[in-house]
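Presented sequentially are two complexes of chain A, the first with chain B as partner and the second with chain C.
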Partner chain A sequence: MINTIDISHYGTVAESIRIEAARILGEGLVTAVVAYTAGRRAGSVQPAIITSAAEAERLTFTAASVNNLAVYLTKAKKDIPRSGRIGIVVKGCDLKALVGLMGESQLQREQLYLIGIPCAGVLASTVRPAEPLTAGNLAPKCRECDAQLPEGCDYVPEIDLPLPTPLESTYAAEIARLEGLTPAERWAYWKEQFAKCIKCYACRQVCPFCFCEQCLCDRNKPQMVDTTPRPAGNTAWHIVRAMHLAGRCAGCAECERVCPMDIPLNLLNRKMAKELKELFDYEAGFAVNEKGPLTMFMEKDDQSFIK
Partner chain B sequence: MHPEKTISSDFEPKVIAFVCTWCTYAGADLAGTSRMQYPSNVRVLKFPCTGRIDPVFILKAFQQGADGVLVSGCHPGDCHYIAGNFHARRRFAAFRKLLEFVGVDLQRLQFSWVSAAEGGKWVEVVTELTEKVRAMGPMMEFKELALEEQWSGAMISPELQDAYRQI
Partner chain C sequence: MSRIGVFICHCGENISRTVDVERVAAHAAALPGVAYATEYKYMCSDPGQTLLKKAIREQRLTHVVVAACSPRMHERTFRKAVEAAGLNPYLCEMANIREHCSWVHEDREQATVKACDIVGMMVERTKKNRVLPTITVPVTKRSLVIGGGIAGIQAALDIADSGHEVVLVEREPSIGGHMAQLSETFPTLDCSQCIMTPKMVDVANHPKITLYTYSEIELVEGYIGNFQVTVRKRARSVDERTCTGCGVCMTKCPQKKIPNKFDQYIGMRTAIYVPFPQAVPNTPVIDRENCTRFKTGKCGVCQKVCGPGAVDFEQQDTLIVEAVGAIVVATGFDLYSISEKPKGSPIKGYGEFGHGKIPDVIDGMTFERLASASGPTGGKIVRPSDGREPKQIVFIQCIGSRAREKGISYCSKVCCMYTAKHTMLYHHKVHDGQAYVFFMDARTPGKSYDEFWRRSIEEEEAVYIRGMVSRLYQKGDKIVVMGSDIAVGVQVEIEADMVVLATAVQPQQGADLLAQKLGISYDKYNFYSEAHAKLRPVECATAGIFLAGACQGPKDIPETVSQASAAAAKVMTLFSKERLEREPIVARVREVGCVGCFACKKVCAYGAVEEKEIRDRQGNLLRVVASVNPGVCAGCGTCQATCPSKCVELDGYTDEQIVAMIEAL
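Let's turn to the complex of A and B:
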């Protein structure tokens, strides 16, 4: 197919992960490694947590390694970070999520051993995991990725080929299209999108930043958001979700990937990221910041919208 | 026998004002004690600080039938809790962009700084918002959603249409 993306180095990367994971586990540097193992179908992977050097040979990395493993260090497996230093395989976007979590005091850098991936992109969908990666089936977030080489990791496999140059952002184009509509047209668009939501909360489960013990949207005293998968509750859920992630979201697009109803969740995230960049010159990156854009302020902040 | 209900065509907008207790509430109080007139369309909800006003309150207000929402507190530097209004300013700067993006007309959402001494400004802000919203007519978007909570009506997917035909 046209516009094939060169991911020939993923084999080397996978081999390097196996060697490094075996080494750090063998030397007792870490107690566990969070990584990908091969799935049942060719090319497919699944997240795995290994605790012995012998298991390291199961590890792999392919274009289907879509999962943001950072989620395993917050709520999904709370006991893991407590068990000692943890090795984790991260793509650039995943690392941004970890960095955000460090900024929010959910993790400490010393607790982690970061294995960074020089990433050329992953598939948008893992339905056909062995398909060659092209500009057509590349995940939209990877098109505009500026974090292909994670910074500040403990180990990054060496590769000798240049990483692909970013393509035109499909999110930016869609945001611009929506911004060009009237409020009523935008409302109609989102109403149709939100109506599809079945409130499975997969988007919340997969997000590394949705680590609250009790989500506002689950509380009923007082109830702020209707819990039913019906139009009013859905709209409120999506607005609240986007707002709670604004200034924190790392842009891993996991929420959008896991949504069974194909709701463009990351479009809201990207829009908020764009606004926060314009308003407060903030962008998710590799540097740990104690304060996010919405937990700090400056006296000179814009207030032209306030009477 | 039920007497014929007269449906009034005069639209009286509902305006919800979220205010901080230290400045704007006192300012509104001053307007009252000074016997200044302002539209009775506004319902005031008092909070300790604008920093306590969660964006979800605004959503809830619209869902419950508000046609316009006002958020008002102390001027920058005057916050009783030192920085609550600075935090609120950032949060609402972001939130209004989000609302705008999902299709809410921002004309219906007003922010203001009204100090305890500014009874006149309170009257001005409230009157202006009320009249603006009156001219715009009722805010239907969220109300329609609330109605659709009862029945979704729209059968946009083939599966739904199929299921409907089989009934």
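Let's turn to the complex of A and C:
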């Protein structure tokens, strides 16, 4: 189980980010760069926005660089995109979110300078950031990664990415287990999971696709979703969240990482993605689509639900 | 505080038979906000409406709920009555206790409880109804007609005769369409050209009609009353203003052996040509694919011989933008080509019938050209292979039509009649010949139609064989037709000189692409869909667009002309007003919450959602939000359902109203 994953190139990647960020800021190509800097704990990182070439030396990239920085370009920090072209460090999974945001008119490609990461994986959120990366402590999303080398970036450090060892997807296994249950058993499982929710909305705040000015769950005229952390409102919220992400979520798994109650949120997202793949042969995050599968009708669409 | 009036209708016995209307009235009267509740036998009748108006005034009602039939039936009736009593019509709602309740239930007790619930829900919803002002949009009193066949010509002439300008666009070099190709027409056998060409001339001479031939629709923008249509006028290579139509260019053109589409490719034409002598306009066009000048740069004879110097090899396509208020779509039909399976189509070909392989197996339209006095043979019916007169001729009906296994399940409607006509034309011209017809059923509903069909058998000696043909093959210079006569139960084998296939009527090639440009719906065969099969047969669901002729479904000439005149009448009705009134049940965007993802724009089937820029006082762009054009919005509510942050509201169906209805249950 303890087969170490080769991430020896992350040092070179970090150096390349520092050089490239300094260059593009120095040349005035961008007004800011969204990237990672070292955190307080050994090996840990935190997101950072730098606006001058001098700050570039603070930047880093390690196996703890798990955050999806795309969220900083949306509602959370929505003043950033208005200030000019922005540089951003992206892993393959993060790029998928940006691609989705472009398709939904939230970003334009010309506004961005993409620094792509040849990524061998990041640590699971439960692991100390200084630990060496192994198949055992790899983030679950990385086990099924299909975008180690982000495509179409403006700059990617030239590195021969070590070939990944194929790993079994823990999500697929868990989905298969749940699909094997009866509806009543499955409902019992999710009821238990949703009961844990404290309605902190961390999952919403970290999600790049939750970019609404006002979430419908915060509306009170009429009130669509009960705001208190009680079973009915919790279930409604999680269903709304999963449904709103269907056909959009590409699996950065940030929701699951930040959930203080350890609700397996990405499991719902992966199940929706699986449905979309089976029903419409659609996978989110690979192309800037004008229309997604749920906003268009095609004659070959499955219509077996019409009885 | 609202003072709602609830009016419960017995609908004769339709409702009161299963629903205790008095109990519903008592229930309604006790609901908070309801000031008055009553029941009456026929609420929609004159005394019923008077009762309602009187109650509004005397009881000082603020809102009205009429518990009766479906709103599709009488919502308009009661809204008018409410308006006459001085209230905004959109403060009146219908509670459907007939279709949704009394008609579908038997148990009186349960049906009554359900009727009470339905009324209760509508009362809660109506409390949140807003006063909605009627929306008016200006109307451009010019019309576009797409397609210059008999449908388009009739519609264009009718509209133009009423005094409104018409832009008529035709894809081919001449107007006339398929009707101009026909020899004689059923059920009177009058010559098609004789009744068609004068109408074509009328179009050309009409001061209110602008004619664009050899042109196609490039782009359609806008909405009812206010369309902007871009027409691509293809390069004719001949200047229409200077050309006198003398025809010298055509006589001198060295390229003389090009199969003419108008003659179903059995007649020949030159590279600079008019498709037929009676063409309108009588201005030739250069077929650049076959012209030596365009292929090698070497000829140019036509330019040299042209007196007025009208030939222009440098001419380019031009794009013309026309503003119109209404559109009539009359793109007509095409015959199903059975020789091969059309690429990418679910429709399978009829390889077994040898069309395209055996030269004397032709389709019905080709027979028309052979029989036509203006056709390539001057009206002599001869075999395309050797020019001999066929003495035994076999007609086969339902080729493609009514053949589910081949991909088309509908009846093409005109084939029974035109095949009967073909047997007559044949008998008139080949006195010693014999015509056989293989048919499944003879479908002859229409004035004088059945008599016509009987005549082909009883007086013109056509032999009708009920049954289908299984196989055709060439044997020497004969075509062996093997089929079955199911009336007698025997196998039949006929050695024919010529076989005519009554192939299915299909929409024009590219009909789906045009529909997408227009934003109108079409069925799985690409026939355009009317708004209602019975009650709105000439309107599209898209406001301001009307249908005429075979583009909607197979039709004969009288039906096509009727529908074209009907479409023209609809256009005139539209043009009879200075501004168009529209029901204000339209979507509104709550701009403050809109995040500009444009999911609403993506799902809008009517193109009603636009992008709106919000700027500060200095003109700096702050945000781009969605905005609904109320002139285009059809009120379907798809945007409302799609908006992730629920920032689109459909007036009359707001989230607040829907939630109020649910909570009332």
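Rule of thumb we're sticking to: the second predicted complex is superposed on the first by the 299 of 307 C-alpha atoms of A that agree within 3 Å, B and C clash if a C-alpha of one lies under 4 Å from a C-alpha of the other, contacts with A are read in each partner's own complex, and residues count from 1 in each chain.
In this text, contacts are C-beta pairs under 8 Å (C-beta built on N, C-alpha and C of every residue); 3 or more make two chains touch, one makes a residue touch a chain.
Since this is a predicted model, take the numbers as computed values, not measurements.
J.: Which holds for A:Arg219: it touches chain B only (first), chain C only (second), both, or neither?
T.: A:Arg219 sits against chain C, while chain B stays out of touch.
J.: With the two structures laid over each other on chain A, which partner does A:Glu290 touch: chain B (first), chain C (second), both, or neither?
T.: Only chain C; A:Glu290 stays clear of chain B.
J.: More residues of chain A are touched by which chain, chain B or chain C?
T.: Counting contacted residues of chain A, the larger count belongs to B.
J.: After lining up the shared chain so the two structures overlap, which partner does A:Leu279 touch, if you call chain B first and chain C second: first, second, both or neither?
T.: A:Leu279 contacts chain B only, not chain C.
J.: Using the superposition on chain A described above, determine whether A:Val258 touches chain B (first), chain C (second), both, or neither.
T.: Touch status of A:Val258: no partner.
J.: Quick check for you: in the superposed arrangement, does A:Ala195 touch first (chain B), second (chain C), both or neither?
T.: It touches chain B, and chain C stays clear.
J.: Is A:Ser105 touching anything from chain B or chain C once the two structures are fitted on A? First, second, both or neither.
T.: Second partner only.
J.: If you stack the two complexes on chain A, which partner ends up touching A:Ala48: first (chain B), second (chain C), both, or neither?
T.: So A:Ala48 meets neither chain B nor chain C here.
J.: Touch test for A:Ala232: chain B only (first), chain C only (second), both, or neither?
T.: Touch status of A:Ala232: first partner only.
J.: Quick check on the output: what are the common chain A residues between the chain B footprint and the chain C footprint?
T.: 216, 224, 295-296, 299
J.: Please give the residue numbers of chain B that touch chain A in the complex, ascending.
T.: Spelled out, the residues of chain B in touch with chain A are 54-56, 59-60, 63, 76-77, 83, 86-87, 89-105, 110-113, 125, 141-142, 144-146, 148-149, 152, 154, 156.
J.: Show which residues of chain A lie in contact with chain C when the two form their complex.
T.: 75, 104-106, 211-216, 219, 221-224, 244, 290-291, 295-296, 299
J.: Spell out the part of chain A that touches chain B in their complex, as residue ranges.
T.: Touch list, chain A to chain B: 178-179, 183-192, 195, 216, 224-226, 228, 230-233, 235-236, 238-240, 242-243, 246-247, 268, 271-272, 275-276, 279-280, 293-299, 301-303, 305-307.
J.: Please name which positions on chain C make contact with chain A in the complex.
T.: My answer: residues 524, 592-599, 602-603, 624, 642, 644-647, 655-656, 659-660.
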